[in-house]
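You will see chain A twice below: alongside chain B first, and alongside chain C after that.
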Partner chain A sequence: MRSPWRWLLSVTFIASIPQAQASGWNMPVGVTDISRDIYGLHMTIFWVCVVIGVIVFGVMFYSLFRYRHSKGAKAAHFHEHTSVEVLWTAIPVVILIGMAVPATATLKNMYDTSQADLDIMITGQQWRWRYEYLGEDVAFTSNMSTPWEQIRGEEPRGEHYLLDVDEPLVLPINRKVRFLMTSDDVIHSWWVPELAVKQDTIPGFINENWVQINEPGIYRGQCAELCGVNHAFMPVVVHAVEEDEFEVWLAERKEAAEQEAMGIDREWELAELMERGEAVYRAICSSCHQPEGQGAPPAFPALANNEQLISDLDWHIDLVVNGVSGTAMPAFRSTLNPVEIAAVVTFTRNSWGNDTGDAVQPSTISGWIAQ
Partner chain B sequence: MWSAIKSVLAALIGVQSDQQRRTDFSSGKPVVFIVVAIGVACIFVIMLAALASMAAR
Partner chain C sequence: MAPKLPPQHSLQQSSTAVAGGQSHHEHHAQPKGIMRWLLTTNHKEIGSLYLIFSLVMFFIGGIFALVVRAELFQPGLQLVEPEFFNQMTTMHGLIMVFAAVMPAFTGLANWMIPLQIGAPDMALPRLNNFSFWLLPVAFILLLSTLLMPGGGPNFGWTFYAPLSTTYAPPSTTFFILALHIAGISSILGAINIIATILNMRAPGMRMMDMPLFVWTWLITAFLLIAVMPVLAGVITMMLMDINFGTSFFDAAGGGDPVLFQHLFWFFGHPEVYIMILPAFGIVSAIIPTFARKRLFGYASMVYATAAIALLSFLVWAHHMFVVGLPLTAELFFMYSTMLIAVPTGVKVFNWVTTLFRGSISFEPPMLFALAFVVLFTIGGFSGLMLAIAPADFQYHDTYFVVAHFHYVLVPGAIFAIMAGVYYWLPKWTGHYPHERLAQCHFWCSVVGVNLTFFPMHFAGLAGMPRRIPDYALQFADFNMLSSIGAFFFGVSQLIFVLVVVLCVKGGKKAPAKAWEGAEDLEWSVPSPAPLHTFETPPVFHRTHPSE
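Let's look at the complex of A and B:
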């Protein structure tokens, strides 16, 4: 029993725990009250298990060693011992109930989505997230911004490889934010470890969750439900800011949304449309149709030098607005605005050797959507 | 009847003495045990449901 090995083992084990935490082996403590509760529960239950393990295996190894055959130990033959049996049933029951009470309290708290200060609709799409600030007229999609050159290994990887987006979800700290979560296509899962939220987004269902973040910062996560070839390329980035900073941001976004709405009615130059369209194409279309429009036949048709596309403008617009049902080609009528659709159609009609000179106007697209 | 209940409860948590088992098998009627066991199982489920709805409040 007094073997120095045992001491050494337990000391190194206990000493390694803070290290494990710092090196990312353990779950993060997180930045919400719930995430701290969960972390606390996890550590409590972990230590309960450690104590049980030490006692059970201690008794077992001690008995194995002390009553070994070579020392002439004889096995006892008895059939039952009711009081011991009752005891080893009762003790686990007490321990389980002791763990269940605080765990249930935390769960109840996690499910209490009432009285939120802000509602955000989160929609999973192959392969990006869409965020709508309900009642605020602010909505945008958040696409991974890690360059394809890094993914293909042609450039060294950045610091936040596969964990960067063009537009993060901006949230105020110290306010209860409710998430309404769904999906447009397959099941995704919105996961940010530091916020202790991992929630499936399921087409046709709306799941709820909430956060109240205590500290400003940038928190990163990923889609946690295998959702297709680009599953690894739909990260989540949450930007938690002070409340007044959030108000300023929201006002700016609303202003920008109004500007954009006005942009539908005016006449756009070809160059403007091309610039805008390239950004949209890179963010949305290139994952399937490839960066140079070369496609990946037979799954994803090429858009470069595509005869039908070049000759038939109406077909082209209709395809992007309404998608092709039964295929991976999504309808963009509700996920891109008319300016973006006009821009990306213009861009595809005038790139990689396609040379139609068409400058498709946003008003044409909004008319198309209204039909 | 009382001894049947005791046996069922003992079986529920997995402790039963060999001697009691012998008596049950030699003198008890199976149907009594089946009825008691179904009753106990129902009570157990109702208890769990009550506990869960209490916790959810």
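Let's look at the complex of A and C:
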């Protein structure tokens, strides 16, 4: 975006800082160059509308007041006027061209995903986000951490009610980060207002977007596209940190991932698996199969006292690893690691009255995935 | 280019024609009771059926909206589960669009188009009966899905695949069937309207003499015929995906979920103009009547309507700015959308200029028409903001959009319908609507609408996504205001019912020409309009010949 337009935008931008920051009434200015440009466009078109509105409604209310029948007004007889009509067609066209030019420049900039320093794959899943730092072997899912007790009003609501997650997306500031976005099931939309990034994640497509954050901080957003029952409950939290802090964090995550990989080959105790499995179940499965495994038939079958599940271990493992295509039951082979799958399968086989006593080992699962 | 001639004529001339045509219709053997309504082919009776149906559906859709607003009164889940909440927003949208607004306009068309062009009835009366009776079938079926196992449609009125296919409740097949039936009804209604307007105008009435309500409906009918088949196509593809193993929209089978959106909005955008063009026609009749001054720029109104209709086929992807379209597509749809604001602006300027130096009085139809101009324009402004594609990345799928489309639909389409009802009630019933009550209805509605929908702009800008049953704490105040406004608006609509019922029963008697400044042909037949009018065509005379 070259000088005159940027200048125009920054004037409107500066003129409107006070009311923008004073309240949660307006679009946030945000913390990227693009979010500022967008904010400028928003305020410019807003003031254009205000000015047109004042003129049009001004003439209208003047007429309503001045030419009242009850005050004996006599109607004039004119009913067309070619030059006036041409003029009020032409003036809006000129104003709109004036808006289209900076909007085009901003849009081009938004679409320029080239030369990114870091690539992150964002995958929407009912109802969580999965983040993969491409080329870094770091991947995790991010679930809403607001407890249901708060939603049901059984506990006081926290400050970031509905906008807290167990694992935020951590990003370095001052670096161009490219997002590759897709979905495993229905369409979701990844949105953080302060970053001015909103992009649909669509199964079978990979969309691109990018961000370069100017200030460290915690930025919160939500899924913006209706994606089923828990659409309101899949927040996005971005933790923007200094570059060196980011490097430290990334190294820690890599190490943790290696540790986890080593856990696959050892023998796990039932209690250990149950503990881990409960956490996975609560984070991942309970949104569909419900906290007590009771399900929500006919959409989501019960897992508690489920005869087939209790009697057929292979079927159970296969179902969780490969999902049921054509239904909402996802395949977890690539989104959970073998330890997590083993743990959650063990947990479901030993909870809510399912007493199989099976302790499914991570090595079994990795074998299953391999074939 | 056609000369700019006004849609006006000599009243004496046509009333004599009517008087001559009224004596010999007693020979029709009228079936009694329910059969009379089931079998009627009379455009006035069918018009009334449409209007009553629409009013009932308006209240059903309104109750669904109030369930939504009640849940959103406070943060947290209080009254309904998210699953049922989604069914309510979906059903609310579907019912309001397909069962309240569209049938209301068709009802007004049935009543008024023959009267405004001097025709004895619609061109295809039996088809007319059939088009109406399809509607109760369609919407009883649609409403019944709420009682089916797994519940009714829960994927929003835009039913994006694959949420509406692979992930949909089992009742979706019935939803598709209901929409097919409603679509057939619309297409048949549109064919009838086109046939009537093109063939049955009074001798001497040229196209450029037609009242704007007739013009806007003619153009709307062409839009309907063009896009309802696209809707039928897309829901049939869904049907195949759900029941016959195809993968039009299923990525796992090589299908394309984005294709769904292109098809849907190729129908959906013209659809929003289907819901507003007839409103433009009504307002263009009412404002000149109560300003006692001819409509400014009749011809440019006609051209602007046609321009809007044509452009409406070129802007559909402005609903899809964030799905990842290529840059060139994004730019094209941004420019075309900005362009459509121009003819819309022309309309507003023409209405305001009609008021300028008029002789204005404020009867209830005029109040609603004036509120329409102001509030519809506010909806147009937010539309212009949404057209700016980069900014739409922030606005899209938030309450800002909910505020936008409600400003164009509620004080837009709905207020225009109410203005039309108040305007023509004297013609239908022979009585004026009760003025004080109507004023009360008006002021309550204006306050209610703004209280409900204005705060939604702020909630959306502050970051509240749409279609959520629970929200973060910073949106609480806006939502509480909206909910209070919604209940106030909802209750105020009972006054409307009261006014209509009272007006049917009695009230101040209205003469043939019920409003001093009214000029079109319908005011030449007696009030109430007899069952059969214009059995011999009136001769149409321009009051301002050779200008």
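By our rule, the second predicted complex is superposed on the first by the 315 of 371 C-alpha atoms of A that agree within 3 Å, B and C clash if a C-alpha of one lies under 4 Å from a C-alpha of the other, contacts with A are read in each partner's own complex, and residues count from 1 in each chain.
FYI, a contact is a pair of C-beta atoms (placed from the backbone, for glycine too) under 8 Å apart; a residue touches a chain by one contact, two chains touch by 3 or more.
Keep in mind that what you see is a predicted model, and the values were worked out from it rather than measured.
*Asks:* After lining up the shared chain so the two structures overlap, which partner does A:80 touch, if you call chain B first and chain C second: first, second, both or neither?
*Replies:* A:80 contacts both chain B and chain C.
*Asks:* Between chain B and chain C, which makes contact with more of the residues in chain A?
*Replies:* After superposing on chain A, more of chain A is contacted by C.
*Asks:* Touch check for A:163: first (chain B), second (chain C), both, or neither?
*Replies:* second
*Asks:* Could you tell me if A:64 is touching chain B, chain C, both of them or neither one (first, second, both, neither)?
*Replies:* second
*Asks:* Looking at the overlay, what does A:326 touch: chain B (first), chain C (second), both, or neither?
*Replies:* Touch status of A:326: second partner only.
*Asks:* I'd like to know which partner A:299 touches here: chain B for first, chain C for second, both or neither.
*Replies:* Second partner only.
*Asks:* Which chain A residues come up in both lists, the one for chain B and the one for chain C?
*Replies:* Common to the two interfaces on chain A: residues 79-80, 85, 89, 104, 108.
*Asks:* Quick check on the complex: what are the chain B residues that touch chain A?
*Replies:* Contact set of chain B toward chain A: 13-18, 55-56.
*Asks:* Along chain A, where are the residues that touch chain B in the complex?
*Replies:* For this pair, the touching residues of chain A are 79-80, 82, 85-86, 89, 104, 108.
*Asks:* Give the list of chain C residues in touch with chain A in this complex.
*Replies:* 4, 6, 75-78, 82-83, 86, 149-150, 154-156, 160, 162-163, 166-167, 169-170, 251-252, 255-258, 291-300, 322-324, 327, 330-331, 334-335, 338-339, 341-342, 345-346, 348-349, 352-361, 370, 373-374, 377-378, 381, 384-385, 388-391, 393-394, 396-398, 458, 461-463, 465-474
*Asks:* For the complex, give me every residue of chain A touching chain C.
*Replies:* Residue list for chain A touching chain C: 24-28, 34, 37-38, 41-42, 45-46, 48-49, 52-53, 56-57, 59-60, 63-64, 67-70, 73-81, 84-85, 88-89, 92-93, 96, 99-100, 103-104, 106-108, 110-111, 150-153, 157, 159-163, 185-187, 189, 191, 193, 196-200, 202-205, 207-208, 221-233, 296, 298-299, 325-328.
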